[in-house]
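Multiple structures follow.
Below are two complexes that have chain A in common, paired first with chain B and then with chain C.
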Partner chain A sequence: MQLTQITRLTLPRWNAARTSPRLIMAAGLVALFVAVPLVYIFIRAVAAEPEAWQRLLQTRLWKLLGNTLILALAVTSGALATGVSMAWLTERTDLPGRGIFRWMLALPLAIPAYIGGIVHLSLLRPRGGFIPQALEAIFGQPVILPSPIGFWGAAFILTLFTYPYVYLLSSAAFRRLHASLEEAARTLGRTAWQTLWQVTLPALRPGLMAGALLVALDILAEYGTVALLRYETFSSAIFIQLSGRYDRSAASILSGVLVSLAIFILWAELRLQGRARFTQVESNWRPAPPVSLGKWRLPALSLVLFVISASLLVPMAVLVIWSANSLLDPQALRAVFRTGTIGFGSFIWNSVWTSSLAAAAAVAFSLPVALLSVRHPGRISRFISRLCQVGYAIPGVVIALSLVLLVNRLLPFLYATPFVVVIAYVLRHMPQAVRSSESAFGQLSPSLEEAARNLGRTSVQTFFQVTLPLITPGLLAGGALVFLTSLKELPATLLLRPAGFDTLAVRVWIWAVDGFYMQAAPAALFLVLAAALPLSFLLRREQIFR
Partner chain B sequence: MTIGTSAALEVQHLTKRFLSAQHAAIKDISFEMENGEMLALVGPSGCGKTTTLRLIAGLERPDAGLISLDGQVLASETKFVPPERRGIGMVFQDHALFPHLTVFENVAFGLRGRKPAELRAAVSEMLHLVGMESLANRYPHELSGGERQRVALVRALAPRPALLLLDEPFSSLDADLRREVREQVRGILKSIRATVIFVTHDQEEALYMGDRLAVYQRGRLEQIGTPEEIFHSSATRFVAEFMGNSDFLQGRVVPEGVRTAVGLLSQAIGINGSNPVEVALRADDVDFEVDETGNAVISERFFRGAFNVYRLLLDSGQVLHAFKEHTVILPVGSRVRAYISAGHPLVVFHEGRAVSGG
Partner chain C sequence: MSFNRNVSVILLLPLALAACTPAAQLENTAAATQDQAGMETIESPESPQTEIKGRLVIYSGRSETLIQPVIDAFTAKYPDVEILLKAGSNSELANALIEERANPQADVFITTELFTVQSLAAQSIFQPYLPAGAEQLPAGFVGDQNLWTGLTRRARVIMYNSELVSPDEAPKSIFELADAKWSGQIAAAGSTNGSMQAQIAVLRQVIGEGATEGWLKDMIANQVTFFGGHTDVRKAVGAGEFKLGLVNHYYFYLQQAEGSPVGIVFPDQDEGQIGLITNATAAAVVNGGANAAAAQAFIDFLVSAEGQKLFAELNYEYPLLPNVRLREGVQPLDGFRLADVDVAKSAQEYEATFELMERVGLP
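Moving on, here comes the complex of A and B:
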């Protein structure tokens, strides 16, 4: 999730000739650190035995490709439709209660999709699900409901928990849109409805595309939900190769194809954005007046309530009820708090320290990259900055595979320590830190630093007395994002953790896969609340949530 | 090409109240316009001139009053024609170019239902008008401020609106460019005989662009008339103050005219009795000579190139300004005798309204 990417400010640059070699060196090292696992996967994929390629091409590759693409397409469309319509309703209409809905529509980001999937699965499962049982009790005969297992279930549930990316970016875009743009279309002969389709939405395209990109990449990386709903994609196939069959060359080939796919999507987005960008926001910006919903008020309200219920209220309510159940039952309570020798506290501690360390490291690594790309723009700095953002395109399973192979070979002393997990988090979530830091530096006028130098501070004093205090909020935001997403990261943690090293996400998953929903609920609830904390900090930074 | 062959705008008792402070309210605005006329709405910010424009464009609904164009009622108590069916073009203050469309597509946006070849010809003709043909494939963010201004203008002109509205069209340009673009735009609009209303808070711009001026204050129309009428026969003290750097000299009505601190102004006054009045004096209406026994001292001199402006502090405590040729240089502190030298009747105000002159 990156909310600030469109607002990056262009400011006078420092003289490029003054670029310090140490800065380039530092940024280059960071880029190298990010690039090595990616390059290594490609090498392994290309270097895999021809028979392995042959086998995959003849059997699974095309089916997996089809499955993955169709799911990504369906969820991206669903998230676009949901996110944009919710953003329009809460930003541009007189919908009652939109102030509180803005929060509730963004909060599902704190719920990992697989936890949402577990809840919906337990409610809707054709046999033994809560709702089918209740309906059977009422009507006296089985009622056929759409099953959440398979493609449609996966598409539905992933849409519910990824639309907030689109929602946040497009509601920010709706907010920034100048009223006169729509008014101009009206004076040029368009009705309000035509204006929405011909001017408003196309003008918001950069925001919508950025949201869609995040969703699509998220789907490529998704493991928990698709595994739970037994829909096979690249990520889940790689996971099985790695954990079950332990066929590393097949996993490498699949990973190579998956990363190529992700990079293709990134490239396509870049191409589609083209030259049509937002014009600068003019000084006399004026928000468009809200559209009166009239007789559509009730249907609109029901739609918003449905989305909020399915993505936030129902999952939270179910988790709370299950947690209460297991905490009130002494036997279940013991199981929750002590599994063998490991206690509940250690899951929390493991989650928090690995995610915090990853956040701190990602922000620290992002500093030279951001400083270089903002203050010394040029081909090299742009290349380094881009390279540091490919983490978006590398799913957790691929990072895990790459690290398993690399660490084994190059850093054996790290093998089977939790630090490998932290490295995976940093690699995967570095883009969020880089973008936040870049936007923090970008919004800081170089003349502030020049003024400090002019008033007798050395460059080091200037950094600590002027620069750092001013960019700290931006850096914290980047750190909060990395923390939030690391906390939710499942496949990389599952594959890389040392035996017995359980985080909240891992524990929830293991218990839920074994069918112990009640037992998993307190940990899931705790995970969601721990993720909601940095999320609400991030939302509060956004203008629309003040 | 001509635009608006028989349009005539009529605005009667137009009133709009706002609950929020986003726009200024207006009250009981009435005026009429002829075809091919350029009307400038001028006044301080927040006076309601932009609100008037938005009501005419159909972007706001009036609370009361009537707007009709070419005999067709656009807005009244019972009727409201939406903006897309009014055939009124508008150039927005921020230009509002569609960022996702090229210059060509922006101009073509208002031209619908034409064959591709016709469309291309029509857009080229419009772009040619402002010398922008070579930039047709650029996006708005790739244009300079002046270029955006011109695209916004021809985009609004392309559908040949019966009336063109311009909302502070030059305010986003810097001073040098503003003067240049202003002259170009006036030339273009006059050459196609467009009927135009434009809004500005710059009195110089209003005098330059408008065939007639409508001066607003606090949501009311203070005066409408030719630049000469507005400048020389201001109907209210506000208009005189806003339009032309006047000094207001207090005086008292006497049978022969007005008695002031710089002598008697013999001129017929519409009120009698010894009412207090104010005489509007511009620097070219005042002169002075060095006189040890005079009624004022020079408190400052401003060099203006072709002439000097002297600020005179009268013994009565009031301040007047007077022009002298650039060769006449007198030291600050000199005692002088100031007098009224205008060769024409002066505007005299009683309680803010003109009672004589002009």
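Moving on, here comes the complex of A and C:
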């Protein structure tokens, strides 16, 4: 609100009034493109035969709803607790090694949760896993360890690979927070601990809640990890319906319910996003002094080390060891280094070009939407901008279902080409591009554009000569984000890829599900490294790390 | 600026694509009509092997590891053919074939049971083709009007971890799997797996809908763990994670070859029991596929002694072509009493099988 008001005040009236119809049309087309799969799924769900509804209502729907919600709740709380505590320890205390920990706590974002799951499963699997077997060899009898399979395993592993969202948001917020707030609390007699709970965290709450809801949306969409750990949620049930049944109505119904749930969460998130903008940096900002941990130093250090080991060091070490093993095993080596459509080079190439194309297209499509919503705020532009964010709420399996049906009917020449996969990436990851572009436009003062207009440039010339060059870094960040998430995407790629078209993610999954961990490891390692590149670019840009 | 150039490339790409596709489709249809014209004369002895080239798209319900070696052997023989493989569950690929009826993408379809090919054949998804040598296959393993051809047989067996279960203790019937003494100790494949679906379809026919439903409910109540596929099952039994696994026979042999302590039971052999449930893999030429010539050559190869030997040697399966030797150590099917199944009838009732799985909530 505050921000919009400021923009309105500084914007000359003529500009606000003259919203170009071409711009509205372009943004509207993008919104239409994004909304079609969503609307289609709702129609299919509502139009499904009543018997199919009844069968699902009587049998699985409630169980799936319960399973999905409990997992989302558990992982969101886990990610909040882990993310905020890690951020506080590395930003606001004198924890030794915090400079390097800041990096290591963010890097698990480059590891898809299903790859982390594969590693943890192979280590901890009851009796069959590496650790239980090693313990049995040492003690001569089976040792009962917590099993990574089922609800607790899924909650644990998904927490490990989603907390970085919350961590990044909260460390940025901790750093921006004005020292005077906490100082006031301390002068009023609060201890450091009381200050944290009564002043600091409440001040950060809107931003953190928004981050937490994004985690919840991620969990609703998660397929690989829950399938691997055999915990049934809506996403995995839809995948089974799609791959194992002839009847599409049940899949449509489940998708309709899942998307409604996700839209509700997204709506809450969008509302919080609006409020989160109140946290502003004032001109006399100075950092708050770090809290001394004292005797808590060692426990805090072990906690951080545990999180880093489980989410980054152990998975990476295992992937490296497996990769090395596969290079030594002639059979796996042959499978890894085949040529042609089933060669390693083609997986890398397919992953890279589809993700890049998706990133470029998502950023290009986000431009008119962001331009409209930032420069011409109003009801229509806000509606369009929000509509373009529904991708967050449409899980990969649901996008796959609607695209399979839609593309074959409307665009048969695109059917069974890799471009359908690219379309799925664009639809799913468009919100990230829209948000990045909106923030890029938002940081650019409209007076620069007005100056260009006053000097006789047309609106199109102004855009290409003034606006675009200035916002390019922001757009690149959005592109990097879309690239990163597209690279990790699994379910839509699995369901939509044409014959003979494999990406790194698909390959890792197919091999790992068949139990060929060694063979899968080089592809997994490559995928993580390829994802780490855009991630480190993003982290540097955000200046989180000094 | 390179950025601008990229943008224009991206913007032009769909246009270029749209521009080429109709032409490509025209070429395809032209090629297809040529093929059909050529089919009448194909029997002429001079039809040269060199004509078999281009892309061959295979949809395979056999998992990739079980078909890739055969594909490699085929491409060694026909180096001009580029094979694009999509491996998945039978029903996933069957869904795709139905969906793509107006816009066929695949040339060849391979399944792990006969019900899916049978029901797709009834929906005119395939074109007739009788591969060379198929007349030697046993009766009932070539579809009506030659719409599909059987490849190999496999048996549904119980495998056990022999460190945890003695041969005497091991269940002798699939119905013993519902016994509470095995609670939480059994692994099986879930409802997306073709062999499991086929087993349920056969059971419906042999013991009836109600009894099959009861068996499935008992299995679920007995905390059977249902995996996506059998490789997980055999590895879990081999590692001792589970005592028993319900699998196709070759998964036992594959696990044994990895050095695991496992045993096998060919179940339900006693008087009054239902007999061993078997099934067959099959292949068919997709109607309207772009490369019928290569598709036919591929199926010829699968049925030939060379192809059949690969299935027997690499994967311990029972080849359908007579006189192809079983891999050493595999117990021949002749010694077992087999469950009596009418494939055509089960195929008609395949939908009821899916409804049953849905109703009992088989994972």
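As a working rule, the second predicted complex is superposed on the first by the 504 of 546 C-alpha atoms of A that agree within 3 Å, B and C clash if a C-alpha of one lies under 4 Å from a C-alpha of the other, contacts with A are read in each partner's own complex, and residues count from 1 in each chain.
Just so we're on the same page, contacts are C-beta pairs under 8 Å (C-beta built on N, C-alpha and C of every residue); 3 or more make two chains touch, one makes a residue touch a chain.
The structure presented is a predicted model; accordingly, all values stated were derived computationally and were not measured.
Peer 1: Once the two complexes are aligned on chain A, which partner has more residues of chain A within touching range, chain B or chain C?
Peer 2: C
Peer 1: In the overlaid three-chain picture, which partner chain does A:Arg379 touch, first (chain B) or second (chain C), both, or neither?
Peer 2: Neither: A:Arg379 stays clear of chain B and chain C.
Peer 1: Of the two partner chains, chain B (first) and chain C (second), which one does A:Ala203 touch, if any: first, second, both, or neither?
Peer 2: first
Peer 1: Check the residue A:Phe413 against both partner chains and state whether it touches chain B (first), chain C (second), both, or neither.
Peer 2: It touches chain C, and chain B stays clear.
Peer 1: Determine, under the contact definition given at the top, whether A:Arg22 touches first (chain B), second (chain C), both, or neither.
Peer 2: It touches nothing on chain B or chain C.
Peer 1: Which of the two partners, first being chain B and second being chain C, lies in contact with A:Lys295: first, second, both, or neither?
Peer 2: neither
Peer 1: Once the shared chain is lined up, is A:Ala185 touching chain B (first), chain C (second), both, or neither of them?
Peer 2: A:Ala185: touches chain B, not chain C.
Peer 1: Touching A:Asp247, do we find chain B (first), chain C (second), both, or neither?
Peer 2: Only chain C; A:Asp247 stays clear of chain B.
Peer 1: Which residues of chain A touch chain C in their complex?
Peer 2: Counting only chain A, the residues touching chain C are 55, 59-60, 125-128, 227, 230, 232, 240, 242-248, 250, 340-342, 357, 360-361, 364, 404-405, 408, 412-417, 419, 472, 497-501, 510, 513-516.
Peer 1: Spell out the residues on chain B that touch chain A in their complex, using ranges where they run on.
Peer 2: Chain B reaches chain A through residues 22, 57-59, 82-86, 88-90, 92-94, 96-101, 109-110, 112, 139-142, 155-156, 159, 172.
Peer 1: Given the complex with chain A, which residues does chain C contribute to the contact?
Peer 2: Going by the criterion above, the answer is residues 3, 6-7, 10-11, 13-14, 17-18, 21-22, 25, 57-59, 63-65, 68, 82-89, 91-92, 94-95, 98-100, 102-103, 105-106, 190-192, 225, 227-229, 231-232, 235-236, 239-241, 351, 354, 358-359, 361, 363.
Peer 1: Contact residues on chain A for chain B in the complex?
Peer 2: On the chain A side, the touching residues are 178, 180-181, 183-191, 194, 199, 202-203, 205, 275-280, 282-286.
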